[in-house]
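See below for the structure under consideration.
The chains carry the letters A, B, C, D, E and F, assigned in the order they are written, with residues numbered from 1 in each.
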């Protein structure tokens, strides 16, 4: 199967890192197609950037519609997930969504660790409808550059956050944000509970959805687009709105 | 005060209708500045269009930042509301948000009527955090053109939906969607409960927020943007991301 | 418009302070009519006092029914709000209710600070149906006399509570209780998020509801009273129960 | 033990009917002390009347404080329950509260049937915190006089409502409102699930609480009143506010 | 009345301690019938043991069906409560369930203290549908043997937990777990709020349900078993599944 | 990988049907190991049977611990899921749990169809923490024998239920219960939304969890059992309680 790993940031290095992680996690036979949007924020870390990136992501996805078997949104904010799911003819998975659902099968409640602000992640878990399974969110006081420069020091902070969440009742912990990629392997031996990496969970969830061969809904708010139009849209995106494919 | 009435659809006629409604609802001294996005869907009626329009709306707002005292999102989906609220230096209100909050002060629970699908409005009320105040949502089987061609017939359907929601416990009913504009006045004498028009509620809420002169948060996920960057963004939007104004 | 600012405490000085705050917050053209109940607790600070004051408040309101355009309940417990809303022919707003709804438009979640016990305020926010928008409540260890005697010291405590709530995710903070009046202006420059004063929010919400000219519900539990009777009630209150006005 | 059966309506006949029901339900050794308020609505059937009756009820209770072992609020609205519970030195139970808690032990979810409007009962169950155990509420289209004049016809309507709630998942049904008294015995043989009478459940819950001899909380919002004052209150009520007994 | 006090652990000493506590709490005329399962865990302290004990408990109950007037599950996990309630022809009460419902009548919110892990108790309160009435759960760092060896030291830890929960808003505290039996009497004079003992609450709730003489539901998921079969079940349990008694 | 497909009913034919379904759904390389309990109900259709089957299932699982890579509980009630997840050293998945989580990725909300009573499934979805994603449950009036005898007639009823749930907002529908096996393929072409088969979803989720190689939690209520004991347990189950493997 062909899996589109669609970054919502325009930083190519993040796309490549996500693609590497996806390839490492994928089953044999899964081809990873990395993609980066034409426009938008370098790195999403605000509500406004997330909205801009949503459009960029849909434009990017529209170009691959019909050519891939599934899409993994390679962005921890699960940017524009519901819209992408409606628009595309194939399954679409968000990496944090996937990690949260795996967390639901890894015990009773899960925690979530990220760098910096936690409110948007708390809201995201709420939008996924699994707030009652969330033991807590923890914002580690560190930046992506620090994570690169001092992986041991930052790793200690992440581990402390994980231990605190486990003490609050988390049976597993989602690591949210590209900067936390790799910390699951690094801290695995020392963490009291499983660390859930969004890329790994997401790749496997996408494979699962492809295997199940679920038909697209023909009614409701996730049915395929048809007869919609707009102005100044990319040709591929405009075609998706018109529908008929 | 100067109130930007920002449509998220690119249909200029809707912008003008919203501007007229806003002017009719505004207090003396409120200047209505209508605005239409440069790109995007003609009329939002799907999840995908709503995401595209979010970017278009932010681009539009960025051009007016610093030149208006408040923003009313003239779109019943409250498109990109949280992002707009973060990005702009002035208050931002969503028209359905405003109507729901007025509904909270008009009795115990409110209902919501729209044309067509109801799921995205149910979710929207949930995102506003007032689901427990929602008595029900009703989708009237009619289209905007029908509402123009047969206002009496469609009005009868809307009234039936309002009466059904009142019987379910609604003490007021939000009319959601541009196509329902004007039905509040038309049905007012016959409806058992108050009909809430998003434009009227939104204009007054924007005036209220301006009057209160609340400072912008300096911490958290609604603090002003600063030091963010992206590619292929409009100059005004790029400037907002950079911050400093 | 004529706005009844109805205290639910029998302490005249609080009524005057509230009236002053209301006048400072009101739009030009809004006449503030202060009123104090004939009987009841000096200052409500318990569940029992709040119930007694509910009756006193309804009696007070009944005397002004038909002579005012709106009512603002000048008591942070929003005493008897639902009953007043049902009974009166005009809009009725609670000051904490108003502040909470403004908090919903000021960011994602809001906090609430009060002197002393917090449980009744937590319940109040729940009855308003916006618990999911509440980041936390904080009870400052101070008394109203201390707030008068040592505004700087108490202000520092309030500021610390506000900062703690902001760190928990509050994008604004409601100041609840007459003794906290004025602290919004005093701490505004130092607080990381907006401080919401119930009187200011309430006056503006009352003006908004008057401007919207919403009809009273003709069905349901907020419809006007009719044909009800009782014994040993004040003439005005008895008249309201009988209805027909 | 001495159990105060406190009506919140001023209709003496209701008090007597409640007292009879209480005596029929009570354990040997429980003395029923019926009491009717000095003032207030004849029969509570609106939000405003319920607030007025709250004061009347507290005044009534204050006169019996220290002379009874427990209080049962003989009013299906559980009027002023939290305030009474705070004020009195002995246990206080609401009749609908008691029936709902029994419903929690009679199966998975319970329903509630009343005459007329259902919204205030839905809110009441919510305030008791057991909404997730509520299968539904049904308002029977009948009046108390009709129930007296045509018990068979009205009984058939009540039975139909009970059957409908059972089909929605109710394993028991609370009969709410004095006018439904006796219908539990009348319909018992024909109803598919248990019918819960508030007076019977309430009397037994009050006996249970007396037997458990729980101390009154010394902290929090249910601790005894102390040092509170007011004007134009009955001597007994003023004494309760002052505390010290 | 005859009350079966059914332990779900196979440790006879716990059964005897529970029986003693039940006798101390029971009304005159209530005969306590203690019972211990034929098989199963010595002491339940894990999810797996709780499931095994569920079967053991049903087998035990089946042997007493028709010979007792009510059942109290003498196990703080309320093991197999819903199944026992369905299966038995008489009322069945869980001891923690009973304590939580009493907590609902003892103030606004209640807390819960146990030894060790708290997650399963948090879930249990959620299954009872009263999570919104739960102020918090606290796990005391102590073991049953320590409680026997050093009651003063462990009592101090329990008291500290109770005080902490009261500060979080608890108006009463449930003591959960056999090892905490007796601490309610020991700490009663020093605790700021009522301590709720599951055995005492449960015995009284069982007596209450017997007094109310509620019929068993004839429809729904709690109706009597009929026509069910299985293999390798105890004769009594097999008979219960077949139904007809 | 070796996947234990563990029936909780003792009807061997159901085990075989589940095994066939599992094999049809499994990826190449997944070996299906079917297993039937030694004792317990023939077919679980009540709360009591579900509890008995929980013990039988744990006994069955204990015999395979260490010899399989994952477990799929082949019973639509997800019997003893949390206990099995704690006890086993490998991943454990419930078939309805898996279908619900897939439903979360197939759109906004999902529905659930079963034969007969719906309350226990409604509760099950609640225990999985995804009630807010549930559009509704529908109980089809049909029995397993009827489904075999008249697949067309019963299929029409199932389709009607699916269409009704889609109209209520379901974007996919879980088919719950062994008797509904195969209806997803039969109705697929006619259903407006995807039909989710628990066995197919469960097999793929089990494969996913094995691929992710998550470590078992070392803390909390899902950590491996250790040092627990009981009487009259099967040797394998007793060994699991003792732990150490």
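Observations on the model:
Keep in mind that, in the parts below, a contact is a pair of C-beta atoms (placed from the backbone, for glycine too) under 8 Å apart; a residue touches a chain by one contact, two chains touch by 3 or more.
All figures in this text were calculated on a predicted structure; none of them were measured in a lab.
Chains that touch both chain A and chain C: B, E.
With centres set at the average Cα position, the gap from chain C to chain D is 29 Å.
Each chain gets a centre from the mean of its Cα atoms; for chain C and chain E, those two points are 44 Å apart. Multi-chain contact residues, meaning those touching two or more other chains, occur in chain E at positions 82, 85, 108, 119, 132, 169, 220-222.
The touch graph of these protein chains has some other shape, matching none of line, ring, star or complete. Annotation, chain-chain contacts: A-B, A-C, A-E, A-F, B-C, B-D, B-F, C-D, C-E, D-E, D-F, E-F (touch as defined at the top).
Listing the residues of chain F that touch chain A in their complex gives 25, 27, 82, 85, 91, 93, 97, 101-102, 104-108, 128-130, 132-133, 166-167, 169-172, 188, 191-194, 196, 200-201, 204-205, 207-209, 211-212, 214-222. The touching residues of chain A, when paired with chain C in their complex, are 118-119, 122-123, 126.
Within the complex formed with chain B, the chain F residues making contact are 108-109, 132, 169. For chain C in complex with chain D, the touching residues are 10, 38-42, 45-52, 54-56, 58, 80, 82-87, 117, 119-120, 127, 220-222, 225, 228-233, 237, 240-241.
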